[in-house]
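Pasting the structures here.
Same chain, two partners: chain A is paired with chain B first, then with chain C.
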Partner chain A sequence: MSHLETQNLTYVYGAGTPFKITALDNVNINIEKGEFVAIIGHTGSGKSTLVQHLNGLLKPTNGEILLDGESIHKSKSTLFDARFKVGLCFQYPEYQLFESTVYKDIAFGPYNMGLTVAEIDERVRSAAKYVGIPDEMLSKSPFDLSGGEKRRVAIAGVISMEPEILILDEPTSGLDPRGREQILELIKNYREKTGKTVIIVSHSMDDVARFATKVIVMNESNVEKIGTVDEIFENSSRLREIGLSVPQITDVFIKLREKGYPVSEKVYTVEQGYLELKKLFEGRGIS
Partner chain B sequence: MIKDITLGQYFPMDSLIHKLDPRAKLFFTVAFIVIVFACNNFVSLFFCFIVSALIIASSKIPLKTVTKGLKPIILIVVITSVLQISYVKTGVVLIDVWKIQITSGGILTALFMALRISLLIVTSTMLTYTTSPTALTNGLDRVFAPFNKIGIDFHTVTMIMTIALRFIPTLIEEVDKIMSAQKSRGANFEQGSLIKRAKALIPLFIPLLFNSIRRAYELANAMTCRCYNGGKGKTTMNALKYSSKDYLATVFSFAVIGIVILLNIYCGEYNAEFTFNSAI
Partner chain C sequence: MSIIEFENVTFRYESDEEGVVLSPAVKDFSLSVNEGEFIAILGHNGSGKSTLAKLANGLLLPESGDVIVDGMNTKNEDDDIKIKQTVGVVFQNPDNQIVATIVEEDVAFGPENLGIEPSEIRRRVDEALKTVGMYEYRKHGPHKLSGGQKQRVAIAGIIAMEPRCIILDEPTAMLDPIGRRDVMKAIKRLNRELGITVVFITHYMEEACEADRIVVMDDAHLLMDGTPKDVFSNPEKIRSIGLDVPQTCQLAELLRKDGIKLKNDLLSIDELVENIDVLLKGQ
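What follows is the complex of A and B.
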């Protein structure tokens, strides 16, 4: 039994009108506990629609979503549980901050769960720690923070619900390199410390190659391929065909190989690239 | 759910009416509203009905869509009809039960009013159905251009209208997004007492307000960057041009006014008793 799985998930926007669009067509995925899943696909491939089904925000036109083997749409209480068990953090989450202080905003989710004041306090502080928000910032207004800080507060607002599965829709979009690095680092740390499942929707092949244990490629409302990083980036020409690409470092090694250098094309991170080059130089007696 | 809201109600089609200059359509609509009120007998009102039917037919908009616009005013029509029937006591008494007296005059007056209101609504919705919001505000801008000369800044008003219309879909999308995000954090917009539900809207409205102000700043900057400085000397990319068909439409409007005035004079003032008797 998978932790989270979809069975023949189909979703049609505007069903029954002449303007209907099939956003998801028979999607079957399964996600195991502790995985770091990346969902990639070009704009309009159905990624965002898919993740909005996973916590029950959208109700499938057809098919089911099973959380620990139970359909999340079985009853009102299973749906309510799914909202908290599967924490979804939207794209540009900083535009959803509303409270007068950072503390209160992070506490919104736990408060809605009906926890006690002591429990809420504990969760807010631990979530703030995960995202690197210092204690003195908790009493500030979220509207006074910088863009990157706001983003981290918003992510903390989801983490504070302590979901078993954390989903982040393009968590690094619109941030500067340092902000991106901070967000990716905190997601990685969060997963290592809690051992929880993380799903990210991403456009950055470099990030995907660095972190994901499983990659789901979406294309035209369907799952194109599911596999490990190696399996996915093996076929660079097919990825380009569906509007995606491979990590930059992979591109470099593909070009090197075309020029006749005896290097592997299966290089997906900078670390792997370094080792591959080292091997090449050592083979030629340069070190 | 929230996406069902249709404002502006533009219904794009390829028809002569759609292609007319918005000013010609504005003029006709205003003229028609005045003339429907001026109708004083059934003959002239029937003539207006034919004109209205002619316009609907040539606009190629499905009749069902047009009559849909009548739905919200059904209640108003019913209430006015009931009032007319119970207050107008001219003509032949048809039904006389206890204190209720229904006369032929009452029924005819009610019918007259109902037809008049329906004509007004249907014809004015035709304006928004066949004219895109941008074209409409463009037209208004030009119509009221002379006011700018006497110090009334009408251009700003039309610019505000254009921007407001432009941002309605954006705001609807934004509301949808923020609602989904807050729902993901367990917010409940559908259940609870009235006060509870009103309170539940705070997490929706504060970000919405904040984002709107932010967007307004960005828009203002973008407009300044493109040297927008109000209406003075501003030209438009798709400048409105009054072509022969627009002149024809204007002539048509005047013709409708003229015919209704003639019908009013020659067919006599609407008189319930007279009309009813002659009908028999």
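What follows is the complex of A and C.
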């Protein structure tokens, strides 16, 4: 039994109208506890529609979503549970901040779970710590923060519900390099410390290569491929065909191989590239 | 000849709270943008980049110093329309910039407001849409387009006003890799084929490498000004302000530390591969 799985998940927008679009067509994925899953695919491939099904925000036209073996749409109470067990952080979540203080915004989820004041307080402080929001910022208005800070507050608002599965839809888009790095680090640390499952939707192949333990490739409402980083990036020409790419560093090594150099094809990060090239130079007595 | 001249410009936003004075968003900033140039402006969030874009066509006015657009001071209200015709701005979020329900009507909005002849508007709209590769979508509803397509329509709307300079404020930040690539292609075409001056604000180092010149902002100041090769050959300085150098430079930098004599300004994949090849064959 998988932690989270979809069975023949199909979703049709505007059924019965001339604008009918099948956004998901018979999608089967399975996610195990503790995995770091990246979902990639071009715009319109169905990524966001898929993740919005995973906590019951959208109801499938056909098929099932199983959380620990049980359909989340089985009853009102299973659906209610799924909303909290699977925490979904939308794209540009800072647009959803609405409370008068950072504290109240992070507390909104736990408050709706019916926790006591003391429990809520503990949740807020621990979530703020995970995302690097200092105590003195909790009393500020969320609208006085920088873009990167707002994003982290919004993520804390989901983490504070302590979901079993944390889903983030393009968590780094629109941020500068330092902001991107901070968000990725906090997600990685959160997963390492809590052992919880993390799913991110990403456009950045570099980030996917660095963090994911499993990659799901979506293409035209279907699952194109599921596999490890190695398995996904080995076929760079197919990825390009479906509007994706490989990390920039991988392209360097593809070109070196074309020139006849015996370098590995499994190079996705700067560090891996460095080690591989070092080997190549040393092998030829240059260092 | 410079088309935009920033002369010791300082600007600060007003605080919502009474009695609170914010620190300047741009401080004692001077820069000349030469006609026909393609300049990228880099800097972390809050470094003053977007404020520059708004100062450049008079959406904001300097607290001290002057912004001169083609000889006209942005403080002179009589020149306001002419200045906005000379320098057009495209913003980050395409959804906030589209006003009409049909693509070609949206592109026509600017020239219509300039009081241009209908037949001339027709010509400009068609040309602008062809330049950005969106001509075949001219009868579509913009809400059905992807982010990259919408952004290209927004750019076409600016081109149709025939400005001499276009400022783009992180036009690719919200787009996927294909959307980014198509928008970049359209921008390069404006500059290389139509000769329009481009000021391009971005967070993506790889995109900045396409420019002739890079200006790096830090904390309301101009920190660096040079060719992409000049700017990225100083990775420590770039990193110290929260930015990064392209991955090809990072890789070469690590190997240089081991004594491998790669150049320090390898900005593209091809340049890096070529330099590795030369070193290995040299033996």
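Everything that follows uses one rule, which is that the second predicted complex is superposed on the first by the 287 of 287 C-alpha atoms of A that agree within 3 Å, B and C clash if a C-alpha of one lies under 4 Å from a C-alpha of the other, contacts with A are read in each partner's own complex, and residues count from 1 in each chain.
One rule holds for everything that comes next: a contact is a pair of C-beta atoms (placed from the backbone, for glycine too) under 8 Å apart; a residue touches a chain by one contact, two chains touch by 3 or more.
In this text, all values refer to a predicted model and were calculated from it rather than measured experimentally.
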* To do: Kindly classify A:Gly148 by the partners it touches after superposition: chain B alone (first), chain C alone (second), both, or neither?
  => second
* Asked: Between chain B (first) and chain C (second), which, if any, makes contact with A:Lys278: first, second, both or neither?
  -> second
* Asked: Given the touch rule stated above, what does A:Gly109 touch, chain B (first), chain C (second), both, or neither?
  -> first
* In the superposed arrangement, which partner chain does A:Tyr95 touch: chain B (first), chain C (second), both, or neither? -> first
* Asked: Is A:Val158 touching the first partner chain B, the second partner chain C, both, or neither of them?
  -> first
* For A:Pro171, is the partner it touches chain B (first), chain C (second), both, or none of the two (neither)? -> neither
* Mind telling me which of the two, chain B or chain C, contacts the most residues of chain A? => C
* Classify the contacts of A:Val270 with the two partner chains as first (chain B alone), second (chain C alone), both, or neither. => second
* Structure fact -> Per the touch rule above, chain A residues touching chain C in the complex are 42-44, 146-148, 173-179, 203, 205-206, 243-245, 247-249, 251-252, 255-256, 259, 261, 270, 273-274, 277-278, 280-281, 284-287
* **Residue numbers on chain A that touch chain B, as the complex places them** => 52, 55, 57, 83-84, 87-90, 93, 95-98, 108-109, 112-113, 143, 157-158, 161
* To do: Would you mind writing out the residues of chain B in touch with chain A in their complex?
  => 177-178, 180-188, 202-203, 206-207, 210-211
* Structure fact -> Within the complex, chain A is touched by chain C residues 43-46, 92, 146-148, 170, 173-179, 203, 205-206, 242-244, 246-248, 250-251, 254-255, 258-260, 269-270, 272-273, 276-277, 279-280, 283
